[in-house]
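Data block below; observations after.
Order of writing sets the chain letters: A, B, C and D. Residues in each chain are counted from 1.
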Amino acid sequence: MIVNMSDNATPEQIEHVIQRIREAGFQPHITRGTERTIVAAVGSGGRRHEIEALCVAPGVDTVVPIAQPFKLVSRQTRPSPSVVEVCGIQIGGPDVVVIAGPCSVESREQLLETAHGVKKAGATMLRGGAYKPRTSPYEFQGLGIEALKILREAREQTGLPVVTEVMSTEDVDLICEYADMLQVGARNMQNYALLRRLATLQKPILLKRGPSATVKEWLLAAEYLLAGGNRNVVLCERGIKTFETATRNTMDLASIALAKELSHLPVIADPSHGTGKQSLIGAVSRAAIAVGADGIIVEVHPCPERAFSDGPQSLDIPQFERVMRGLSDPLRRVVAPLVSSA
Amino acid sequence: MIVNMSDNATPEQIEHVIQRIREAGFQPHITRGTERTIVAAVGSGGRRHEIEALCVAPGVDTVVPIAQPFKLVSRQTRPSPSVVEVCGIQIGGPDVVVIAGPCSVESREQLLETAHGVKKAGATMLRGGAYKPRTSPYEFQGLGIEALKILREAREQTGLPVVTEVMSTEDVDLICEYADMLQVGARNMQNYALLRRLATLQKPILLKRGPSATVKEWLLAAEYLLAGGNRNVVLCERGIKTFETATRNTMDLASIALAKELSHLPVIADPSHGTGKQSLIGAVSRAAIAVGADGIIVEVHPCPERAFSDGPQSLDIPQFERVMRGLSDPLRRVVAPLVSSA
Amino acid sequence: MIVNMSDNATPEQIEHVIQRIREAGFQPHITRGTERTIVAAVGSGGRRHEIEALCVAPGVDTVVPIAQPFKLVSRQTRPSPSVVEVCGIQIGGPDVVVIAGPCSVESREQLLETAHGVKKAGATMLRGGAYKPRTSPYEFQGLGIEALKILREAREQTGLPVVTEVMSTEDVDLICEYADMLQVGARNMQNYALLRRLATLQKPILLKRGPSATVKEWLLAAEYLLAGGNRNVVLCERGIKTFETATRNTMDLASIALAKELSHLPVIADPSHGTGKQSLIGAVSRAAIAVGADGIIVEVHPCPERAFSDGPQSLDIPQFERVMRGLSDPLRRVVAPLVSSA
Amino acid sequence: MIVNMSDNATPEQIEHVIQRIREAGFQPHITRGTERTIVAAVGSGGRRHEIEALCVAPGVDTVVPIAQPFKLVSRQTRPSPSVVEVCGIQIGGPDVVVIAGPCSVESREQLLETAHGVKKAGATMLRGGAYKPRTSPYEFQGLGIEALKILREAREQTGLPVVTEVMSTEDVDLICEYADMLQVGARNMQNYALLRRLATLQKPILLKRGPSATVKEWLLAAEYLLAGGNRNVVLCERGIKTFETATRNTMDLASIALAKELSHLPVIADPSHGTGKQSLIGAVSRAAIAVGADGIIVEVHPCPERAFSDGPQSLDIPQFERVMRGLSDPLRRVVAPLVSSA
């Protein structure tokens, strides 16, 4: 880290910073410029927060971090991509996975119809909510254990591994019995009690990016899981909150390429939450794969206009089939340049 | 709610919407315009989500909600302001409360020195973190129960009631033994498992606004608490995440006036997290009170540059005393107009 | 538009609204619900702003617009896509166009080397800034007319049509002499004096989305051009400003699909400004085409680390050649589902 | 500036960076850490953009700027606050100024009634739009020169100096004849052609912050004016664009304190655009003054529900009188702490 002194810092103030850097376990290295002095804190074993807090010391202008704060998720720690396996499905390998299913499990009939439908269309895994994080307490909160049992039945009938959301440490054991992969929802990305609990398992985790999380914060949330011992982590970009309201969120597709550049973890995309709009899901799914995503997760419902939740962004089964077919279309051709004198 | 048909909607599509509105438990009311038809869903007992999901029905352009989704927190339910009492301190009454203390409890000495210092300067309550939500797993995570014991001692010595953050349902019982008010942190504002648990208590709750929560979402999080039976809720604006990085967050002071217009709950402000910058806290505290906040919560540390967390935004005790004195300064005088012909 | 009365609106207040709707040239249509009354303003010839302003009339809760405010750019006005032709290059047709070149024209050698390089790699058009909008007055402001002459020479040598930015009404005539397409930069998207001037031309316009413009505001900026008589408009998504700072802007690729759904105008993507990061440009270019963009515009410089502007996001010529080859790679294959009992 | 090398940078790559720093006119200063090397570019006369562009050189991780990019607007250049005088009214002095008037000049009667009303209530200056930047080409665009004449008449009758917006370089001379202060609107904050023209005048300029401008970008826009020779610049915070839609913009009041900390220029606040909501303007005006603003600018209309533009955020004259009276109310009293053992 670099401590950037003010223009008018006194020799005593500079000396104080040098002293504090030593106390924090780093070596100070001083650069005296024509206008200002900077002091680098060199070394790897010191207490970073003590350097950060120097920004309030007299004569200090700013403190600038240099190194990335994450370690185990970093490409520098593990240059080759990780592959996370869920019941034989490889996420992060050469092929892309497609996870599909309803926002919420509403009934046995609804889920089984969807499961068979998405499997026939080519989905690789099944999603479905049993415990639902809902903005309002008056909205449908999920069927709970009843939903978990229906999900298990769907897996038995279709062979599709199941991913479902876990919202609380208290539900972890129960959900582990029924599901093949646990999802940490966007609103819980920084629920550290939950992350620490999931870090003690080997069950694969689908970690959604929080609606206001930077890529750095998202990777640090994953770092909690790896630091605690669970390396089976798949990241999921699902859109961030911005001023644009024409879509439910703003799908940050470039963050997928960036996360894969910074980290070895697999990354998938959720165009359903990312757009909130049925009509955009096909195009954004294609774009996600083009940008390098290792898979997509899509909401499908037999009758979206009767869905208990997320109807506006759910595909019906024929629409999902069309999206799946669209994923194999080639990109549009680049036009050859004309040679003319204009 | 209003279902806004497309310009080219067919009579059959309009009839389908009318039928679905009836099935959802509402009365349809049709307005035929020159270009398009709108159908209002009238009534109060129906299933709102079924109307929302009609946006994907054929011939429908958009579905527009009309009524606010929150009830118990609304001024329409209770026109007069609520007052929440914490050990005799009234939040939401005629006077403003000042909650002060360190980000984290680091040691007995650090906390007691701070507690006595802020009390002498005029603080009304003591804050201090025992369980810390930290972006990185490698940062200080709090002293846990040890910190709770120190907070209790500080309360015994100073008489200041204590507020501390609860991060997990599993810690609720323990923290209730030691603290007078429980804080739900910004990152847990939509941790519904936690909200549902806290709703079963009568202990006062300090509910921070999430960094990407709209005022509506914030009030709906409070609605979880009231709907579950806990009416002792104080809202806290602590800045939202925006493109501006010169401050840690963007303090949305107008949201305090708005929340108090929409809801009867008390609202306080956290200028420490809202700005992340020691030098701005005095000015923003004054502005918070001017805009109508019922109190402020401020981070104070005996030596901010040695703080384990949030040093850059912590005041030392003399700085806090100056901020407190500044809170009683009058506003600047409005200049009298000149009468000249320019 | 719909005027949504408060729960406690009086009959006199409702009558006042009805009266005002008539005065504004609309027909009022009343729906009395169990809790509240709404009044629709029906018709097409009235003064919309008078209905919008009713939100401050006594007893009114909100005023909700129903119809989209743009007309000539809308798909409802013209269902089939527009094609804009620039010297024989079709933008919006079956193929995608690739516009490449340096951020700024820095010298004759720099531009000609780039122009020949990008043409050889397959670019369709040449970009290059003569007048540069720079955040700081101390940064390079462009070579002006000297740059325009160099651009013309490059076009003569390579046959590539030229697009360059116009920043002021005063430069319009001069730039029209030299360039084949005029770019309105992101910061000028709502420079209405400039838009009104460009609307009087037939020269093709590349209209960049403003960094904080919604899709609706972007389409309304285009509406200025069409309403003034210039239908040769190409939209360009170049990233929006969000809390994420790991990329220069947040590329809103879904907005490309949305803009093409709402409007008949061609839409291209600018991954250079959208990401600000050399290493992400190939992936984001592929994604832009996958999501439906009609082209891309990319910054290329013979030696990015010596560029006068935008070096960090500029590709060198071999990198551009690799990006071009990547545009024809197929999407990754969707994995076939396993049939197992897990 | 600091060039932060990658962990695996080779000696040749480091040498290349050192060489380039010298070529750009700086002195290189090397710090070799345990994990990585950083190279500072020391000196003040070099070409900064060449250092910035080194982020794409092989072996370079990031380039980190250290010094602030603005000069003439900085407190370091001029430690004491600037006072800008408009016809004898001092902006930036001990008292706060209140600028009031309609969004648009709609008629002689409307403006004169407003001017006399706001003057009686205590306003210091008159605002009124003659040329209006409107999102849609179908909205009222202003009365132009007719409005300027009416504004002049109002000034003659009331003695209130007049501020009005200039949208284009072509209108500058005309507006200068009629107005005492020229406003650069938020959407034109980075219209550099306009800024450069206004920099050649001595007329006071009111420079609104752009809806997505950081404080740094805002100060750099002001730097254009000072660098060109016009030191009579007043900054105006008017809200930024965020995800929150309950208010028209998000009023960033802390930015006022920050701008005054970084710069010597006066700063005023525009609560009308900042909130878009009549009911919040009184509270936010008070907060703006409490945070340190040198004045406020408020929209007032004799009948907001009939306003041609910005009706929802305009006060009528009695409401404005109440807001003015509220500006002299003292802050709420801080409650004295209870001494109890809880």
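By definition in this document, contacts are C-beta pairs under 8 Å (C-beta built on N, C-alpha and C of every residue); 3 or more make two chains touch, one makes a residue touch a chain.
All of these numbers come straight from a predicted model, not from anything done at the bench.
Engineer: Following contacts chain by chain, what is the lowest number of steps it takes to reach chain D starting at chain B?
Structural biologist: Each step joins two touching chains, and the minimum needed here is 1.
Engineer: Rounded to the nearest 5 degrees, what is the angle of the rotation that puts chain A onto chain C, matching CA atoms?
Structural biologist: 180
Engineer: Taking each chain's centre as the mean of its CA atoms, which one is most distant from chain C?
Structural biologist: B
Engineer: Counting only Cα atoms for the centres, state how far chain A is from chain C in Å.
Structural biologist: For chain A versus chain C, the centre distance works out to 28 Å.
Engineer: Quick one: chain B and chain C, Cα centre-to-centre, how many Å?
Structural biologist: About 36 Å separates the centre of chain B from that of chain C.
Engineer: I'd like to verify one number: the distance from the centre of chain C to the centre of chain D, where each centre is the average of its C-alpha atoms, in whole angstrom.
Structural biologist: The answer is 26 Å.
Engineer: If you look at chain D, which of its residues touch at least two other chains?
Structural biologist: 212, 241-243, 245
Engineer: Which part of chain A faces chain C closely enough to touch in the complex?
Structural biologist: Its residues touching chain C are 87-90, 93-98, 119, 122-124, 155-156, 159-161, 180, 212, 214-216, 240, 242-247, 250-255, 257-258, 261, 271, 274-275, 277, 279-280, 283-284, 286-292, 324, 327-342.
Engineer: Quick one: which bits of chain A touch chain B in the complex? Just the residue numbers, please.
Structural biologist: 20, 49-50, 52-57, 69-71, 133-140, 167-171, 187-188, 190-194, 210-212, 217, 220, 223-224, 227-228, 241, 278, 304-309, 311-312, 314
Engineer: State the interface residues of chain C toward chain B in the complex, per the touch definition above.
Structural biologist: Touch list, chain C to chain B: 2, 4, 7, 29, 31-36, 38, 40, 42-44, 62, 64, 66-67, 76, 241-243, 245.
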